[in-house]
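As structure tokens, here come the structures.
In the two complexes below, subunit A is the common chain; its partner is subunit B in one and subunit C in the other.
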Partner chain A sequence: MADEVIYRSDHVLEYPFVRSVGPVIGAFLTGLRDGRVVGTRGSGGRVIVPPTEYDPETGEETSGVVEVGPEGTVTSWSWVPRPRPKHPLQTPFAWVLVRFDGADTSFLHVLPAAGPDEVSTGMRVRPEFAPEDERVGHVKDISHFVATGGAS
Partner chain B sequence: MSEREPVTMMDAATRLDYEFTAGVAMSKNLHGYEQGKFIGQRCPKCKKVYVPSRGSCPTDGLPTDEIVELPNTGTVTTYCVVNVPFAGQSIEIPYICGQILLDGANLSFMGLLQEIPIDEVRMGLRVEAVWVPPEELGPTLASVKYFRPNGEPDADYETYKEYL
Partner chain C sequence: MSQYPALTSGRRPVGVVSFAQYDNVRREDARNEVEMLMPVVTEVFGNIGITKDDVGFICSGSTDYLIGGPFSFVAALDAVGVWPPRAESHVEMDGAWALYEAWVLLQEGEIDAALVYCFGRSSMGDLSEIMAVQLDPYYLAPLWPDPTSLAALQAQALIDAGKATEADFAAVASRSRRSALDNPKAQVAYDRSAEELLAEDYEVAPLRRHALPPLTDGCAAVVLAAGDKAYEWCERPAFITGIDHRIETHSVGARDLTVSPSTRTAGEKAGVGTKKVDVAELHAPYAHQELILAEALGLGDGVSVNPSGGALAANPMMSAGLIRIGESARRIWSGQADRAVAHATSGPCLQQNLVCVLEGV
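Now for the complex of A and B:
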């Protein structure tokens, strides 16, 4: 065939969403902005962090604002040796599920480390907050987690 | 406790970066626009002509290797008058989006309708493509500036009822 040219082009799909967060997530994000971690109380007194408006297991309405942490325990993790462009860190890190002290659920965040040998289930961690004047009420107000040296 | 207002809103911008590769069939179609032509493909079994073609017949699953050049004329099978402004809109409202079935094609595509009062647009209207000036032609459907009435009598409903 005469013209075997194959066309290609960049294509960007973009939505400039701003969403209202409601009173429960709002309390959580307000806490992060102020350098604290808060959850809420679900059925049977279970403390849910990040908070939900309804207990995910029973569907009952949650109530109250409960401060937890700041330290917590890694309950599970996954090593990322080569971060992708949109990952929150551009150096090797672990996705970690952190159960804050006083909480009954886990929270997903990142823990930078030199290698996977430095990460383990049960390790003790604390959040490193972004500088106060950079915090806006977003999950990225916690810059990352760091190990405190302990284990549980 | 903070003296500041509680957080009620959150930026949640979403962005997906794609690299789109048109492939062989679509590239032929796009190359056609660069030359001011509609290029489609015909299925060897059902003989339907797809423009644009994805390279195979969705009914028979066969490669649509036969290249077909289509004429500049077609029929409006259905249409929509756009009255609502939206982000990124490039044409002044109100305007008309028509489904255009080119003569000899078995697939309609969306095209802008101009040079006709909005209340005179109708199903079955016969139209022709108006291309951008030759120096502005490119591998994009934007090479077709718009469609306009070509003066022929309306098409019979039976000829396009399958293509709404």
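Now for the complex of A and C:
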């Protein structure tokens, strides 16, 4: 009994609006489309990537566009042995927080690997971009990260 | 002349005088939210012999994202019955935040009592996907990182910093589930050693199954009463002497995930460290988060942490925070504790934190 569906109703949740991402997030996403990674400058000159319109700690307005990376260092990671249907990769992978060279904050993305033994905090990585004609100005314009073989 | 404790927050003594919660279950198929709430609301009033006409304000906490329909909290009011019309509010947050709003209104002095309730059925959808929708819509949500994946980043950061090991996570889970054996409302309770738990497979490394909260359908309710009204309804009210809520950035990559500065600040503002703490009920959905919270609140070895089993024993969405306040209050009513710290969290990796200090006289 407990496994039977007693009542079923399909709902479609929609967000049927188009909105501008603005000059800061827009610069980042446009950068990805062009195969570059940019951040912005926050309080005390900290470089924030991915950029926000305000400093995440002080709330002060950020300014400027700063190119970083494209290489970076893993600051933390977790290993997904059984990816979920909506995850970006459908084979086992690591979530990685990546601090791009020149940045002071970290960016979340995925890194495919044969196993967790191949992933570690401090490892050097670079983004693998989607093919140029498929990039649209979206966080998934970075297909995934790959190890460069170095360690910091 | 009634006795009241000194207050760190506010000027009017407001006490938790009644608490009730649903039997936390993995999947409640047969009852909808209103049908789940009705016995809980009946119990929370019945405990102290009052009715809805005795409270001047009703505040609830829930989220439409669980049920997948807008304004679901309006229907839930049927569990209370609001005729004739009365003052009512809702937060799209855990019930602990609804309690905070009710406490603020009680400070103003126009009303003397309030009902707070909350509800959520995790089983209505895929909770991991629903929780991803609360994240930054440009940088995080399109990747669909689930709460366990994000919590595992935090756990790995603790390991890398040398602040904890996987064995420490297992020790928290082992102790919590053992404590839960004494909690009739617990969904997951067992007597298994940390060593045994460490043999489990990883869900998302470095978190194994034991370090994760259960998926829970449930609801809870609390009655707050101010001043003499609190003593009228409760022999030993659990007075809220301090309450504070702080938020960190939603960007998990911009935070040091090994510490919880928002909990630290909220704890300081609520006066946690000014006197001895007997009991702490911490809303730590993932085992390693209890370690971060205990450090942020400065809880020493003499504090009984999560005697109910905490969120590892039952984690009903939107209620697990209010239940921490209710479990703390119960221990003050019974005389088991004189002073308790209750904590509620929201957002990825302990982004938001509310700290509530309760004291009996």
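Going forward, the second predicted complex is superposed on the first by the 133 of 152 C-alpha atoms of A that agree within 3 Å, B and C clash if a C-alpha of one lies under 4 Å from a C-alpha of the other, contacts with A are read in each partner's own complex, and residues count from 1 in each chain.
The rule is short, and it goes like this: contacts are C-beta pairs under 8 Å (C-beta built on N, C-alpha and C of every residue); 3 or more make two chains touch, one makes a residue touch a chain.
Just so you know, these numbers come straight off a predicted model, no measurement behind them.
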| item | value |
| --- | --- |
| Comparing the two partners subunit B and subunit C, which touches a greater set of residues in subunit A | C |
| Touching partner for A:11 - first (subunit B), second (subunit C), both, neither | both |
| Contacts of A:138 with subunit B and subunit C, given as first, second, both or neither | both |
| First, second, both or neither for A:58, with subunit B first and subunit C second | neither |
| Which superposed partner A:80 touches (first subunit B, second subunit C, both, neither) | second |
| Touching partner for A:90 - first (subunit B), second (subunit C), both, neither | neither |
| Touching partner for A:20 - first (subunit B), second (subunit C), both, neither | first |
| Touched partner set for A:148, first subunit B, second subunit C, both or neither | neither |
| Which of subunit B and subunit C A:110 touches, first, second, both or neither | second |
| Shared subunit A contacts, counted only where both subunit B and subunit C touch the same residue | 4, 6, 11, 13, 21, 29, 138 |
| Interface residues, subunit C side, partner subunit A - complex | 27, 29-30, 68-69, 128-129, 132, 138-140, 142-146, 149-150, 152-157, 160, 201-202, 204-207, 249, 251-255, 257 |
| Complex contact set, residues of subunit A against subunit B | 3-21, 26-27, 29-30, 33-34, 136-138 |
| Touch list for subunit B against partner subunit A, complex | 1-2, 4, 6-24, 26-28, 30-31, 139 |
| Contact set on subunit A toward subunit C in their complex | 2, 4, 6, 11, 13, 21, 25, 29, 48, 50, 52, 56-57, 75-81, 84, 86-88, 95, 97, 105-110, 116, 121, 138-140 |
